[in-house]
Amino acid sequence: MSKYVAKRILMSALTLFVIIFVLFVLIRIMPGNPFPVERMSAELILQKRAELGLDKPILIQFADYMSMLLQGSFGNGTSLYNGAPIKPIMFACLENSFKVGVLSILFGTTIGLGLGIVAALNRGKFLDGLCTVVSILGVCIPSYVFMIFLQYFFAYKIPFFPYFFDPSQFLFSSIMPSLSLSLFSISTVARFTRNEMIEVMNSDYVKLAEAKGLYGFELLRRHVLRNALIPIVTVIAPLVVDLVTGAMVIEKIYGINGAGSLMVNAIAGDGVDYNYVLALGIVFSALYIAVMLALDILYGIIDPRIRLATKEG
Amino acid sequence: MGISMNEKIILSVENLDITFRTNAGNVHAIRGVNFDLPAGKTLALVGESGSGKSVTMKAVAGLLDDNATINSGKIFYRQADGNVIDLLTLSKKNLRRTINGQQIAMIFQDPMTSLDPTMRIGEQIAETILLHKKISTSDANKRAVELLQLVGLNEPEKRVKNYPHQLSGGQRQRVVIAIALSCEPKILICDEPTTALDVTIQARILDLIQDLQAKMGLSVIFITHDLGVVARVADFVKVMYAGKIIEAGTVDEIFFDPRHPYTWGLLSAMPDLETNDDRLYSIPGSPPNLLHEPKGDAFAARNQFAMKIDEREEPPMFQISETHFAATWLLHPDAPKVEMPAQLRERLARARKAANLQ
Amino acid sequence: MAKTYIPKADDFEFIGSRDLNVDLNFASQGYWKGVAVHFLRNRLAVTGVVIVGVIILFAIFAPILSSYGYQEIVSVNDTGKELVAKSLPPQIADGSAQNLFADKTFLFGTDDMGRDLWTRTWHGARISLIIAFVAIFIDMLIGTSYGLISGYFGGLVDNILQRFIEIAGSIPTLVIISILAIFMEKGIGLVISSLLLTEWIGMSKIARAECLKLKEREYVLASRTLGAGSFHIIFKQILPNTIGPIITQVMFSIPVAIFTEAFLSFVGVGIVLPQCSLGSLIEAGFGNITILPYQILPPITVLAFLMLGFNLIGDGFREALAPKLEDM
């Protein structure tokens, strides 16, 4: 097991390194200019380029950037109006996004699991139909559309929630964005859980457990839930990624000062802020790879088939 | 002869009739099945896939899927105190608590899928014991080790800590048998217990079941399509086709004096070392789709001896001897005399000779 | 049931010679015919086809038949002054002359520039659909070829190709889009490119898995023994049998593509004015949601129904290709 984990960690680190390299090179070889040309003289640009080390060969630039990264710095913003260090701004934004994200994963998995289990146990009945409707809605309605509706009805028409995100009442104002972000997770997890549960309930080993004399809750607890829930770990990883993408729009709508809106500002504004894009790209990729790695290892731990197979192999 | 009259009968299925609801329509899978299981004996239910043999047994064990409806019928079971109860009248909870596991146990076809992959073997055995007996966990674990020893698994102390995927198919089937026997049931239902195993392992598992049957005085119901297995283990045989029993008798009667053309087909399709044919016989066609109620004799379409009445009216059970029955119009007094195919007759004669020599 | 049978004279005559080997239960039925029958029997899947079909028809014909262009700013000349039909709620021409635009029909109203939202919504749906179809079609070509080649050749080729996918798949979509946004002009090209870079991976995984399964089949082994070349086997023998799962994946990818477009345009790196798509219309409607909530409804409704329709079709396909026993 530890050998397997070590191998996975090594692979992930390697993948991350390759991604950083590719991102870096792509951004550096890009045509165009990181500075607003019309507002700067050619002289000033040259001076600025030398100052930022952009005149050196690209591999040396990369080595410089890596050593800076390893020291925990992400450099400065490149555009003239934002020369401040990236790290504090980015991490403040990441913190907001992270909290909303974690909350929506919590919503997504608990509500999704609950719905899926209830639907599987009431197969073909009303609650099963309800679960199907919710999962269809979750797939058909983009999270930001749901957010727009929530905001319109529950913050504007009935001003129960704050109309914009308010960091001073964090939990309360996170409910709407987290809920809309989790809509897709809820439907995916619910659908997956339902199908997985039904498959397990029809499996031979559950039939055998019934033949042993197990029934009701005891049967669910001992044989159905554990086997049905293990594979759900595999659907959570892609959901986390969708979350990051979805968060971008939700943050824009609800005025959350988060990493997604930071990225949008970096690319959709007048001058693209290359170093922000690079830094955020690295952080998003690292987070994604870390989540995948963690879930992979978790899956190995909870499923004896993988745990023992890797021990022997 | 009802179960209440005959004390030697432990289980009696009367007029069982089951329909499955599917998206395509209702499938009338069991169309009036009757049989008795004498205590301590082995009954074999034989038929192709889809003939209803497994469904019948699932009904006995109370394991029918949710989309099944029992239209009519009774399943009588004689309890240890001599009282007879109809299992179909018990609530699911009551059935699980008092019958499943401790009175009627079951072995499934595929040992690769019938153990919980995420639970240790010892725990899966001890679970049953703890469920039905007032016994401490450590005693149950000890009993699990003993049971593994009983079913012939080597190093049982080590095995209890294994997960199913660490064992071979034959070993797993032994574990399943250990689970089935853990509460000393009266009836053991074996649903094709050797089909998924290698031939050499098959024989050992059959020996084990017979051995345990003798030791524990079990009554066994064997579901199989393999007549070789039937010849080896069964006392009585019921041949099923399209949700009905079409021929019933002792193992000798079925093997040496079969009367139903379907049984002839089954026997002819059995591989045999001495047959000179280049090709193994197979029954033409496939079993009828029970989505549509068959008219007349369900086997008529595949029967080379089919008569016009077979397409008009379902044959009743004709009695041949005290224990031998068959449902075919060929046994009607007005029917033309039809003998079983000559090849089969030769084969059976050879087999009989071999049996007498032993 | 219980009526007694009245014997007939010929009851005990043999039926006579028939070909018993004709199996009437499993009468021969082509594979695709079976799939089609199964699909058409599925009410939800047919509903999906109807929804998508109706939307496609409207997307094609509504802008053509409309009396306004999608960019046209509707105005009337009122006593020498040009009056623009800004932000009108939905109305049907009644000629009551209560207001200056009473003789004009705006089924979905007009936007704050004075353009007819009916025309713009269907034009937007058209653009969104075109983007989705083009992107997913190219994705299908790339992904399927990549997956088949990787799966068929195996060994080192497979190893290298799969490592590449592993790395490519570890870059979050958002990051890919951001990099593209730096390289490219905002607009349709950017949207299609980002779909091209992200959606092919799923296709190639499915094609590879199918290929691994199929290449060990007897018919493939047979033609290899007969000397068929690799590309003949891949494209003539394996590809036709992977079409089912790939079409299913396509049906699930199209809504993802539509969604991605809507999302990019909403964020402001997608479709740019005066062109419009469902995403940019939602964005425009969102800007006015508190004052003119009717503006956001048409594009959102069309979007939701498109997603629903394609998902239902995808589900139907999946079930038709691999029918569960209980559905038989």
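Order of writing sets the labels: A, B and C. Residues in every chain begin at 1.
By definition in this document, a contact is a pair of C-beta atoms (placed from the backbone, for glycine too) under 8 Å apart; a residue touches a chain by one contact, two chains touch by 3 or more.
Note that the structure is a prediction, hence the values are computed from the model and not measured.
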item	value
Top chain pair, ranked by number of contacting C-beta pairs	A-C
Chain closest to the assembly centre - both centres taken as Cα means	C
Longest centre-to-centre distance from subunit A, chain (CA-based)	B
Rounded Å distance, subunit A centre to subunit B centre (Cα mean)	53
Separation of subunit B from subunit C, taking each centre as the mean of its C-alpha atoms, in whole Å	50
Between subunit A and subunit C, centroid-to-centroid distance (C-alpha), Å	25
Overlap residues in subunit B, where contacts from two or more other chains coincide	none
Residues of subunit B touching subunit A in the complex	61-63, 65-66, 92-93, 96-97, 99-102, 105-106, 108-110, 113-119, 127-128, 131-132, 163, 165-166, 176, 179-180
Subunit C-touching residues of subunit A, taken from the complex the two chains share	15-16, 18-19, 22-23, 26-27, 30-31, 136, 139-142, 144-145, 148, 152, 156, 241, 244-246, 248-249, 252-253, 260, 263-264, 266-268, 272, 274, 277, 280-281, 284-285, 288-289, 292
Sites on subunit B touched by subunit C in the complex	22-24, 67, 284-289, 300-302, 304-313, 329, 332, 334-336
Footprint of subunit B on subunit A - complex, ascending	123, 202-205, 207-216, 222-223, 226-227, 230, 303-305, 308-309
Subunit C residues touching subunit B - in the complex, by the definition given at the top	5, 7-8, 10-15, 20-26, 326-328
